[in-house]
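The next part holds the structures, each set out as structure tokens.
Below, subunit A partners subunit B and then partners subunit C, in two separate complexes.
Up next, the complex of A and B:
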């Protein structure tokens, strides 16, 4: 199927809320219908083709080009198809998504994959705050699916997430896994302070040492079997988790006891060479 | 201090605990002073949350906050024994590392203390009618701050719609500032954006913000030369009677006249209509 190509032709002066840019809707739309879709430039309703050059029709594969920092809510609630974005993207990318794939060659802003329940988001650049988090006042964040960030991430990664996996390649800021209820966060380059604060359940795996909250208790060193199984699943994203007993072990911490929670933080400790 | 049926000895029946990073003048008025290490409020509050539930905490775990388990245990006993506890918190909590989560930790602790006794938490306000703005926004929209109306209904998302974040990202093309001076307090990118876009300021005085604004309308100072309602820190509304006369209009009058002037020109945006499709 030939993808629909959208090229940003002029940068919005204020935020552009474009939840219509979503494979679900565009799969059934003719070129004219897509061009006439309503986006919100600030408060004003404008046609989509005022900001984008559009090519193609009736496809659930979208390709976007341009610096879209002010374009928000892309792929909101999408359930199928794919979006490939070349450029930086604004907030709420793939929020509430139920399926499909998003790939971004650039940086993304806050709240990406917020409260998503399935699907995949892969960001080749860095992410802002609240990756896969719960919106304010909501009890559960991400409920399934996979988010891969190759670069760094801001505060509150996976806040109140219930299920699913988040992988951060670069360093994450404070409060990664805040109030987690389930799911897995993998921090390949560690995080700043207060990781796993107030977590009820769920797993945080860090390959770098972390400064933990005082309410976490050490609970043994081992090589969990599930890490090897998980590692095999992650191989198609181009990396593996170390779990060779000859090379090192995972130090397990249980917490957060203030909640009191049954979450776990696993920190990889490589054996000194030789 | 007020004596009552249940607290016949007044101040002697009450306990004041001060928690700060240094011994301030308020420490003299307090019964107990706890010196917490800077930036460790969140850790201390989280440990307290664990301890009130009877979780065992060791001195090693508490050490990084600069306190000891005995001190915290004593504090918890006092809190649980109290008939009615109030926690006051200010900018030391909300403007240091962790920001809203430090406040959230305190509010959660107050909520959890209600399993034992009555407890509330109250923010210590700065200048002006800050509480009033929060209260009015709350009953009008359901949210206290960080609200966007661009879709025709209120949406709340601090970080996305709060003033400082919008200005830092440069997401507005106009700013209307009423009785505030963001030019003196906000970070540099926000101030630069205010100087770049048309900024309109309503203020009785010349401020940092009014200096970088396109339009400054001088208004009568509220509560001194203009009547109104000020909200006390505990959300009690107080009617304000003007003591002086001012040649300038009040904020309310200026905004009303702007609204009337706009209403007289219904076609002021014909080249860019607000809606391209009639809304159902």
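Up next, the complex of A and C:
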């Protein structure tokens, strides 16, 4: 299927609310219908083709080009197809998504994959705050699916997430896994302070040492079998989790006991060389 | 000028049950004949008087607190985009002011009664009521936990208390008196509750909830207030509370009373594990005592947010659910609690509540005394009324819904044994003519000559929920406001008030008490008349109401 290509032709002066840019809708739309889709430039309703050069029609595969930092809600609630984005993207990318794939060659802003229930988001750059989080007031964040960030991430990664997996390649800021209810967060380059605060359940795996809160208790060292199984699934994203007993071990911490929670934080401790 | 020809008319106030009849409108009222103006052919369609909601929470401090507490709902809910005739807003669990007007009118409701207003936030409430377009509105002032009134009752100064009550009604620019958990909310300020009619009220020695209820009901009657005491009983929501409710009803024999959201007061059992419906017992007593009216406070499954002046109950609900909790203390007057809640069919307690609301509507046999309500937004949002109408009109649909409940429900409810199906005439009674009569608004819910031309035209539809959810036309004051789902006009509605008479020296008595206890100055306390748009003062007839 030939993809629909959207090239940003002028940068919005204020945010452009563009939840219409979504494979579900475009799959059924003619070129003219796509061009006439309504987006909100601030509070003004404008046609999509005022901001984008559009090629193609009736496809659930979308390719976007341009500096989209002010374009919000791309792929909101999408359930199928794919979006490939070359450039930086604004807030709420893939929020509430139910399926399909998003790949970004650039950086993304806050709230990406917020409250998503299925599908995959892969960001080759860095992400802003609240990756896969719950919106303010909501009971649960991400409920399924996978988010991979190759670079760093801001605060509150996976806040209140219930299921699914988030992998952060670079360092994450404060409150990763805040009030987590389930699911898995993998921190390949560690995180700043208060990781796992208020977590009820779920797993945070860090490959770098973490400054943990005193409400997490040491609860043994081991090489969990599930890490090996999980690692095999992650291979297609280009990395693996270490779990060779000859090379190191995971230190397990249970918490957050102030809630009191039944979550776990696993921190990889490599044996000294030689 | 308007002529509606060929429609099948249901007008219970005039005993008209499905007759084909032409209606004529001039200057916002029904007239006997007019030759001028637009003609609308309603052949084959159903005409109802505009809906009247006797108990809802649409404006003021508590619903606004609920809006602020549920940002998650605003993201997923229906958005109203501004157009030439329409302001922007959001629907959902606690709709914004303008959206409230559009949503109510959109399903054919034209008059609503905001059921709980503390005097201290009355100004805010009226500001919001003014921003609810299309609908005519009234509001009830919260009086059963007011410190000044309770102090007077404690000292046996009943006559003075009556004047103070009347003064407060006028200060709040209100239409009647609401009592919520009498004495219980006052006790809540000490972390206590008053669950029974003989319970001690913290800080008082002589009065009990029973005394407060009795005296308030008598004061309301002797002041000739059109709507009787609007009562939210003690011990709401708790298993076994039917005893308290029956005791309250017995206490009120000889007085008029409106029992709000009776569903929440009709439970048997000893605890959450054994909770069951006692709707049949309650309905039997109710049927035999014509001094009372009630609204159902029915529950539908789904997300909502519960708001009530019953602070202690909301604290308990928060403890049960572990969800968000808001608590307001309204100085010397009342309190308020907010807890978002999800009613689930798989939850036995919720399933019993769902059944109890329907049982009461089906077992109370006089549709002039039981009205449709969900205690919006407590049991469900008001825009889900068409779903309840479908449950009342279709026994088969009801049985299908019951089949989805947990099997343990069997011995806890009587709904499966009830075959009654509401007729259109009865629906028009419980949604319009009945509540209008109970509110003392004789020009509402009535298609007779000279009455307000608020009415709805529905398509006949086998799908009852669709029929009542999508009226063909809605008229307010003889003007088309909804045309096939589109908002055509959004005129300002009226606000109904009463001015009961009170001793002119009341100000002098209150002022020093007030300055001793309140955070604001006495002069700023009463709501000014200029705040009320299109105010309409209804008469209080002290001789009429005591019959």
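Methods note: the second predicted complex is superposed on the first by the 274 of 274 C-alpha atoms of A that agree within 3 Å, B and C clash if a C-alpha of one lies under 4 Å from a C-alpha of the other, contacts with A are read in each partner's own complex, and residues count from 1 in each chain.
Note that a residue touches a chain if its C-beta (ideal position, glycine included) is under 8 Å from a C-beta of that chain, and two chains touch if they have at least 3 such contacts.
Everything numeric here is computed off the predicted structure, so don't read it as measured data.
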{"item": "Touched partner set for A:139, first subunit B, second subunit C, both or neither", "value": "second"}
{"item": "Partner chain(s) touched by A:129 [first = subunit B, second = subunit C, both, neither]", "value": "first"}
{"item": "Which superposed partner A:162 touches (first subunit B, second subunit C, both, neither)", "value": "neither"}
{"item": "Partner chain in contact with A:14 - subunit B first, subunit C second, else both or neither", "value": "first"}
{"item": "Which of subunit B and subunit C A:91 touches, first, second, both or neither", "value": "first"}
{"item": "Partner chain in contact with A:61 - subunit B first, subunit C second, else both or neither", "value": "neither"}
{"item": "First, second, both or neither for A:252, with subunit B first and subunit C second", "value": "neither"}
{"item": "Greater subunit A contact set [subunit C / subunit B]", "value": "B"}
{"item": "Touched partner set for A:198, first subunit B, second subunit C, both or neither", "value": "first"}
{"item": "Interface residues of subunit A shared between complexes with subunit B and subunit C", "value": "135-137"}
{"item": "In the complex with subunit B, residue positions of subunit A that touch it", "value": "13-15, 17, 38, 40, 42-47, 70, 91, 110-111, 129-130, 135-137, 174-175, 178, 193-194, 197-198, 213-215, 256-260"}
{"item": "Subunit A - residues contacting subunit C, complex", "value": "134-139"}
{"item": "Subunit A contact footprint on subunit C (complex, rising order)", "value": "69-73, 75, 323-324"}
{"item": "Subunit A contact footprint on subunit B (complex, rising order)", "value": "42-43, 46-47, 49-50, 53, 55, 57, 61-62, 64-65, 97-98, 101, 149-151, 156-160, 171-173, 272-277"}
